[in-house]
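Pasting the structures here.
One chain, chain A, links the two complexes that follow: it is found with chain B in the first and with chain C in the second.
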Partner chain A sequence: MPTVQRGPSLPLLLAVAALIVAALALLPRFVGLYQTELLIYGMTFAIAALGFNLLLGYTGLLSFGHSAYFGAGAYTVAFIVRDLHVHSMELCILGGLLSALVISALFGYVCVRHTRIFFGILTLALSQVLWSLAFKFFWVTGGTDGIRVPRSGITLLGGLIDFRGPGAYQKFVYSYYYYVLVLFVLAVAVMWVIVHSPFGKALQAIRDNEVRAGFVGIRVRRYRWVAFIISGLFTGLAGALWVPLNGLTTPEILYWPFSGEIVFMTVLGGFRTFTGPIVGALAFNYLKVYAVASSQYWQLVLGGVLVFLVMVLPSGIIGIFSQPPPWLSRAAASPGAFVRASLLFVLSLGFFAAIARVGVHGNFAAIVETLAIIAAILSWSLLLALVYHRGNVIGHRWLVMLALLLPAFGFLICIILGVTLRSRELAERGT
Partner chain B sequence: MEILVIQVLNSIFYAAVLFLIAAGLSLIYGVMRIVNLAHGTFYALGAFVSAWAVGGAMSIALSNNVNLGLAGQLLLLPVGALAIAAVGAAIEPTLLRPLYRRPEEYVLLITFGLLMILEDATKLLFGGTPLTAGSIMESMGSIPIGRLLYPSYNLVVIGVGFTAAIGLWWFVYRTRFGVILRATSQDRRMASALGINVGRVYVQAFAIGCFMAGLGGAVVVPAQAAVLGMGVDALILAFVVIVIGGLGSLEGAFVGALIVSFVRTAGVQFFPEIELAVLYLIAAAVLLIRPTGLFGRA
Partner chain C sequence: MALLQTIDLKRYFGETRAVDNVNLSIEEREFVSLVGPNGAGKTSFINVVTAHLRAESGKILFRGKDITQASVTQRVKAGIARSFQLVNLFDDLTAFDNVALAIFSREGKTARLGALAHLDNAVTSEADSVLGQFGLAAKRDDRARDLAQGERKLLDVALAYALKPKLLFLDEPTSGVSTRDKGQIMDTVASVVRAESITAVIVEHDMDVVFKYSDRIVVMAQGAILAQGTPDEIRKNDQVAMVLLGSSGPDAFTRKG
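Presenting the complex of A and B:
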């Protein structure tokens, strides 16, 4: 069990947060339209994962049915736009939140009677009720075709900004980016306050020891229920924000594998930390987009990453820093072992990625490229983690230098190789 | 009247397949306390392997001018089940065993990862087109029920389902291995202290569970083509079955499968829109009123 740690002081935290927000606000100036759109997706999923983690990370309940609240938000917005002809996004969000509130209050009331695996199955079963309704009542929900939510049917800030006429797509992406960014920052701030409030502390007490929390006088079931509702509200907000971006809502987002994806995001980032779900959602979004774009077997890649994550990095990306997995602590104590471990790590992942890519393209350049990217990302993150836990490796500064330089060199070489091979391939295709 | 008989037979046919899947899921949960999200995909993979084996053997036999015959084809069907059992026996020691000391969320997640991997592995190995072993169904013909015809292969599946139920019951309650299995399920550490090789029991239990899922796929594939995504759908229904019957209970899986398939058949007939929703609601209601299910122990 982790000992009591005093986190960074509030002013420092605010300063770092302000820096990150400023960077996010400036980002669309530098990355193109497509990257901006990807970031909006990432931020909406981050809000969903943040909400989900209030249950998993802070209350200790693994929900396998969060697709229900995401879908509730999304479908409500679609209904409002299609049937009520309301265009104001603010009203749509309010509607989405309301329906997420009702459904999570109802489902939560039922689900918090159980914990552990029964809780998970119950949330799963209830979310599938919604899925099957959306799936079967096609004259209301459009069935598998879903409901289209055209961009032109949405206005922001009470009609101040609309998206009609030429250049609407570009205008939409850029203004919607800031719209979602503001809500994202708000959601993160609210969640931070919740988690650090007496209520949040009570939830963590329940997570750590239910019986004791009950003896102290916490009404365990009531607290779980409220946490469930807050969690559902956040996920519902994410669903509502997601719809205009996607332009379409289908039963897919109510089906249980989507709940699995929300769990995946959170675990990828690290569910024992506050920032984990945010980082995890952004990373998962990129991972999925990249995998889908590069291979028809993207599920294989994602599944492989998940299995790898659970086996080797159970504390997630952020967790590497706050809660290093045992093998990393051991490695930090003996640098030789660290080098071996990281080599094995990079090689094995590169190997799987290579197999996946060969299977798809039979394309050598693509393999080198994938290897380079994966090797670089992994060795740098490992290295950062090692430097972070450097307590035991001071005295081996040359080794750290070497480890810093090697991946950098490897990365460079791989990029050069990849570019040459790809250009040669393109030239061959040209002739 | 004939329609009713056929609907009842259909329900029992469906229950037999569902029982095979759910019994494996329940066995794995009962012994190892693992909720295996990849179980439905094992079922789908079993169907694909069996269809592939039958289809491949048929074309080889044809090119050599040998008639495989009905018996030969039927004997080839369990290939899928055996293959899945082997896959299971390989997965348990490599992927699951390192996680038993960790919180159960991780095991659930790894089975979700396995589900994604196996779904695509199926696509990679067998392609995206549906596979079927329909030749078996055709060559078995059909039997008359009143003025209507009913495929006799469906009766074979019903027979397999009942045989499997009795066999599994005998295996768990009447053999030495069954005693060991139940002892391990009740108290892993005590069983280990008494000299039982718990690791081996776990591999065997997981492999048997996978075998059942694969067998479900193998028997269904002459009647229904194996398609991508069938596993994900089947898993949820198998969940409903074992939730109603009680997690880890064999009798529960039997009764649950019958309940689910009769409700489904009735649902398709009388309330097609909410047919699935009703099943999930029944499962939720059972969990609420009697979380251990109809036959489960606390």
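Presenting the complex of A and C:
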């Protein structure tokens, strides 16, 4: 029998990845400083979510304490800069990884003895221990004030690039963008190899059936532990990268709601897919910034999104395509769904435009505007998903999808522009 | 020397004597059937030997070595594999990945996290040939949960077989499948096991199947061994017929109804 290799087609994947990386590399030329900064945040969170999902999506363990490893990375960098007067970001990252390694190995050793809710509660409890340490030992950690990590205290590439003197902020954002982009690409590549390695398959086997995994000779606990440590390392790297960007680390990133945000990002993107957490982290970042900028009730918006997600799209944004929920498969079979989705899309866009045009201000208008945007994004995604899943019937699937994608890119840019304008407006109002 | 030998093996569940001082030895390349009424302790016996359950007392010798305290994975590495009465698969993995995983594990390759699984040609071709042997080649890329019950049963056995064990326990490989598929599954299993000269212990209720394939039959009742012998000896054993069928006589096993 000839050997048949079926699996991810490497050349195609590499080509798509190269395109996306090229687009990301060019992006700062087209968007402003603020957008570039937002994207850096998005990428660091994506690294964290990617690490988190090795446990949730691939090993079947829901951690509610990933703030611990993010915080470990972040605080270590802050300690290194403040107490050791080391400026090299590379050394800081190494330090951050080392402390994430130690803490995740320690916490993981305890946690992997349990699964399901017991695992979740243990991770939560242990992360709260770190939080209380950061909170109470204020003479070391600065308490609620946190530790400042000034940009001027950081150098990249072994001192080659520093951020002192005039124009340091711009210089920092642009060079740090590429710095994080490289590490982000590296992290994604490494994680992709891990989940497609025999080890990754073993983790998935443990997720599906730990009893049987034992009976094919896999040492379940040890594999879970290794997965836990790798997961912690990724999240620790994210924490380390996040500090100079934020300029400050506070106990908030060790507190459990931040763990919840990492869970949220991953579920938003779809935890049963590789790209889900990446897309989810980027989307969540924009969602949160937009919600915060447009309403003081932003938690309400996020809560609404979460409820919607769990009830309608349990497989997340990416899951729409890879694992369509039953209602979507049914809708894709009826032509009426297209008309309804298109109608909803046009209506919500119209709503958004009308409010923007009239220039209504105030909380109510802001909420309506946010809802209109969310409705527009959702209906457009729905259209896209419908076309995707009905592709075999209507043919020319990719052409239709491309046609749908083009205006969507325009729309996305509008949103980004909208966020920029609004935040500028807010900044002006503030001064 | 027997491949497997149990000495006074015991496991109770409270008052219930699931495995009650069982002394059984299994020779190499034997095809042994384990029969008995429901609750006789057949599955419990397998569970204890494969470390799914701890033995309360007694000893398990495998190739002369005491493995009573060995863990599940240690026994798998030593060469004991099993399938399950209720299908026990990696449901979200494809049929291919299910089998490939067993091979990766056998070769000690599951610790590799820097290599791509699907580029391992040796494992890929072996997994494909195992799927072929079990007639599952066409289902290669289907997720295990999407397979039909008979196919799932076969895949469950294939998973254990792919570990290339010396001793293979098959816990009711044909339960829940139609009579027609039953023969096909048993033919597949028996031919594969004989071709690789694997020692097999099989739990089965269908006495036609048992008589047809076994070298030796072990009858269990209430946790203990009631009788053992060749199919002919068992066929003539009135005590066994009474326990298994509720009636005895020279033609108890062939009489229908």
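Everything below uses one rule, namely that the second predicted complex is superposed on the first by the 346 of 431 C-alpha atoms of A that agree within 3 Å, B and C clash if a C-alpha of one lies under 4 Å from a C-alpha of the other, contacts with A are read in each partner's own complex, and residues count from 1 in each chain.
In this text, a contact is a pair of C-beta atoms (placed from the backbone, for glycine too) under 8 Å apart; a residue touches a chain by one contact, two chains touch by 3 or more.
What you are looking at is a predicted structure, and each value in this text was computed from that prediction instead of being measured.
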{"item": "Partner chain in contact with A:Tyr297 - chain B first, chain C second, else both or neither", "value": "first"}
{"item": "First, second, both or neither for A:Arg221, with chain B first and chain C second", "value": "neither"}
{"item": "Dominant contact partner of chain A by residue count, chain C or chain B", "value": "B"}
{"item": "First (chain B), second (chain C), both or neither touched by A:Arg164", "value": "neither"}
{"item": "Touching partner for A:Phe199 - first (chain B), second (chain C), both, neither", "value": "second"}
{"item": "Contacts of A:Leu62 with chain B and chain C, given as first, second, both or neither", "value": "first"}
{"item": "Touched partner set for A:Leu122, first chain B, second chain C, both or neither", "value": "first"}
{"item": "On chain A, the residue positions that both chain B and chain C contact, one per complex", "value": "none"}
{"item": "Of chain B, residues touching chain A in the complex", "value": "33, 35, 37, 95, 98-99, 102, 104-106, 108-110, 112-121, 123-124, 232, 236, 239-240, 243, 247, 272-277, 280-281, 283-284, 287-288, 291"}
{"item": "Sites on chain A touched by chain C in the complex", "value": "1, 3-8, 193-194, 196-202, 204-205, 207-209, 211-219, 223, 226, 230"}
{"item": "Footprint of chain A on chain C - complex, ascending", "value": "50, 52, 72-73, 76-77, 81-82, 84, 88-93, 96-98, 100-102, 104-106, 109-121, 124-125, 128-129, 132, 140-141, 159-160, 163"}
{"item": "Parts of chain A lying in touch with chain B, wherever the complex brings them together", "value": "56, 62, 64, 110, 113-114, 116-118, 120-122, 124-126, 128-129, 132-133, 135-137, 256-257, 260, 263-264, 267, 296-300, 302-307, 310-311, 314, 359"}
